[in-house]
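Both complexes shown next keep chain A, but they swap its partner, so chain B is in the first and chain C is in the second.
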Partner chain A sequence: MNILKFFISVILLINFFSSDLKAKNLGTKITKNLRCLICQGQSVYDSDSEFANSLKILVEKKLDDGLNEKQVYDYLKNKYGDWILYDPEFNKNTYFLWLLPILMFVFGGAIILRKVILKKKKL
Partner chain B sequence: MSSLIGYYSLIFGVGISILVIFFSIKNFNDTQNLDTKIISLVFLQLLFVIISFSGLILSFVNSDFSNETVFNHSHTTKPLFYKISGTWGNHEGSLLLWLLVLTLFIFVFLLKSKNQPNQYRILTLLFQQIIILGFFIFLIQTSNPFNHIFPVPKEGLGLNPILQDPALAIHPPILYLGYVGTSIIFSSALAAVCSNNITKIWASHIKKWVLVSWIFLTLGILLGSIWAYYELGWGGFWFWDPVENVSLMPWFALTTLLHCVLVLEKKLILTSWVVVLSIATFTLSMCGTFLVRSGILNSVHTFANDPERGLYILIFLFILIFLSLFIFLIFHKSENNNTKTFYLLSKETSILVNNWFMMYFLSVVLIGTIYPIFLEVISFQKISVGPPFFNKLILPFLIPFMLAMAIGPKLKWIKSDVEDKTYLILFFIVSLILSILIIRNLDINFLYNTILITAAFYLFFITLRDFFHAKYRNLSQILAHFSFSILILSILFNNIFSSEVITNLKINETYQDQNLKINFESIKQENKQNFKAIKGKFTVEDQSGSIEVMQPELRIYNQPNIVTSEADIKTNIFTDKFMTMNYVQNQDYFNIRYQVKPFMIWIWISTILLCFSGTLSFIRKKYES
Partner chain C sequence: MKAKIFPIFLIITFSIIFYIFYKGLQNSNIYTPEIKSEIKIPNFEAKEFFSKDNVNSDQIFIGSEYYLLNIWASWCIPCKEEHKYLMNLSKKENIKIIGQNYKDNFVNAKNFLTKLDNPYDLIFSDNDGTIAIEWGAYGVPESFLIKNNQIIKKIIGPLNEKLFSEIKELIQ
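Moving on to the complex of A and B:
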């Protein structure tokens, strides 16, 4: 049961890691993932500040210029730094961020399996 | 005057703390003393803190601006209700409230634990007093709420308008009842380790405190969430903001602990784990306070920050952690493992699975919240960890988690009962078909969302059936799991089916698309006690032709001079209609945001049901098996 659950979740994780709810509008999706740099804890999409509004226009313009989602993020990252992206990229700075929780999960699963299986053998 | 009384009450409180510690150690083996002398000392301490707190409230009510805290956070034109709630709407006052709850809880603990071993009670009191003393010193040294200003200012600086709100007025006290409740669990677990008192009786005694903390923490988070929904003006209720996260972390730990204690109450297993969880829960609550108060986090809530305070809490936290680890390693005797067995398909194993997932969720939130801080310190790189990160790491794991929640509590019966197995499979097929029907025509990832919703529906149906199933009438458990399924379902549907229009309109202008028509009718201005309100009037006509009048509002507060946007929300049991308006700079236009958010109210209702299930478990005399 446990092993099964574990494999199901790993497979799901691998399959759907990159898939997110597809936003109807790419611009909306992108601006929801951007931090409004002059607000406190708000995304560009949710903010009405001048900075956010100019960024919304900028994102639409870049999309019109033919950039894809990744290119828009890269462009903004170069301009404002990683701080602006709510969805941290997987790179050498964030290996631990992404992998540590997964490792914890695997580790915890191993402990439980050991506990249950060892106990079973003793019987 | 009331400030002066308040300040001296605090000093007396410190004195009593020292006295209590002294007498507890001196009369460690004397059973008579505790219920006569020491308990009255503890009561006296509570009284002094109450006097001190009332003194601060009085200073706020009277707008006594010779008090620095009042000056910084109040204003004469503020309504009385917010003058009072302003007492804890700031750093100093909220810490005094912490202290009040700390002393209140230890007093209640002493009253309610009379049938417990005496040594255990004294030790709990001792650990609790160490925490209390720490907070007293912290309060007096770095954040005295009674600082005097001379010359006395004529007018105060006012309370941040977004905090002037009924939900947020009661949010801190409720949340603190939850946070501080964990301190009793912490002290009690350490005392139980020291006095070798980890028994089934202890488990059912501490379960009450775990439940109380859990109920209040859940309610506190709910209130914060409701507030964010209607006050912050973007129509969301959870942003994975660091301050939201730090309240969620003790919640995960507490929920895990609750499940473990329920097992411990019946079988003496997992004792070390329960102690570790008790320590972790309180540590996480303290960490929350530290992270919020030190100003390390970039968030809407950092209304007060000061490095000295952060440093003090950090040192205090480390002392407590080392103390508890020391006690745990020296005194703890782990249970005799050989007699206990974990069957693969048993309730105990399903509790382990619950723990496993809860710890995983906790680690995601913990790492996601503090990793950016560490990275910045180490490499000067600033990164943001926001909603996409948490959604990616948490949502997929909800699928096996909810399946386990559905099946786990009844594993005991499944082995023997064939009828049950048929139901389990039947419900799964029904859930799957239902989910496919719902997701089919939507422009979202089909497979992923279908499986997610199937799991939620499955939990929903299984628990719904359990209500009418005579064999296992553990009502609070069924209700809790049932409400959780409603919570997840409504969050998912809310996410998938929400729609939104953002547009700029002038008065008498109309926005129209194929689904709805928004007409900006008029605008009017009202003068209130401490703000000017600009009320817009809009009519919204949807496809079916029904017309709704929406009146969002802009408030221009006098002191501090801040404009806030008040959403107008029309709620019914299926859907919320949500509208805000904002100025567009230097133009006649207003920025209008209109949202239709299905099942919004069910998010609140399910959380309230969750708290109610905790209450049920609390008032029930014995754990039914």
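Moving on to the complex of A and C:
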């Protein structure tokens, strides 16, 4: 009986904490994707500067206000520009950045394919 | 013919890469944001510095007057340097100076003002720094010149002689 009680309390505790964790995780996820603008090379999540600490509080506040992830990004982009995001969005300034790896992959694949076909023909 | 294409291709590729990196060397690696001029001021709620009464941003920035919002703190050394320019501006009739006390201790901030004099028409506190984020600010000191609820000039860092005369010219 004692063991049963123990297990029930453990399960309840896990549920309790995991629901809280989920809300925290979104804040963490967002701050990890934000560049700390005054300490370059660090994310807001990693930094302990005044700027980053304020930003962490603000992100939590905005999430409490019911904003979703994209809205928080848009809000900050409006204030600080695209640079604040580590994961730049697909737009006319960044399409080359996003498409370059795919282009290189296709191009490289074409070269390899040609080589293989040529080799086969020789055989 | 085919044997020649490859080295040429290689040389071209490397020269392009070299050119890009060489150009990149000259770029500053300190990021300065593009200052979007003529952006609307944010709407926020804050506490007045002395009385601790709630104030809303639309109660502070009224009408078509010039306002200079200055983010300051008693622990910030450059704030002391720019203080004389703020004092000078505060003597002008056509501009109001609004202080935003950033992450500061009340007693220290008050001492700062009694020692160096108070240039501000109104001060509000920003204890957790979130209002500074609303402004799109990075830290202290930072100043925003405001007219008709629009930011017409953003100054990152302390005021100096050059910026001071620029502001004076703008508000003429």
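Everything below uses one rule, namely that the second predicted complex is superposed on the first by the 99 of 123 C-alpha atoms of A that agree within 3 Å, B and C clash if a C-alpha of one lies under 4 Å from a C-alpha of the other, contacts with A are read in each partner's own complex, and residues count from 1 in each chain.
The rule is simple: a contact is a pair of C-beta atoms (placed from the backbone, for glycine too) under 8 Å apart; a residue touches a chain by one contact, two chains touch by 3 or more.
Every value quoted in this text rests on a predicted model; they were computed, and no experiment measured them.
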item: Touched partner set for A:L100, first chain B, second chain C, both or neither; value: first
item: Chain A residues touched by each partner, larger count belonging to chain B or chain C; value: B
item: First (chain B), second (chain C), both or neither touched by A:K61; value: second
item: First, second, both or neither for A:I38, with chain B first and chain C second; value: second
item: Contacts of A:F51 with chain B and chain C, given as first, second, both or neither; value: second
item: Touched partner set for A:P88, first chain B, second chain C, both or neither; value: first
item: Which of chain B and chain C A:K115 touches, first, second, both or neither; value: first
item: Chain B/chain C common contact set on chain A; value: 40, 50, 81, 83
item: Complex interface listing, chain B residues touching chain A; value: 232, 234, 236, 239, 241-242, 298-300, 302, 338, 340-345, 349, 352-353, 355-356, 359-360, 363-364, 367-368, 371, 375, 379, 381-389, 391-393, 396-397, 399-400, 403-404, 443-445, 447-449, 451, 495-496, 582, 585, 591
item: Residues of chain C that touch chain A when the two form their complex; value: 29-31, 33-34, 103, 128-130, 132-136, 138-139
item: Chain B-facing residues of chain A, complex; value: 1-2, 5-6, 8-9, 12-13, 15-17, 19-22, 24, 32-33, 35, 40-43, 46-48, 50, 81-88, 93-94, 96-98, 100-102, 104-105, 108-109, 112, 115-116, 119-120, 122-123
item: Residues of chain A defined as touching chain C within the complex; value: 37-38, 40, 50-51, 53-55, 57-58, 61, 79-81, 83
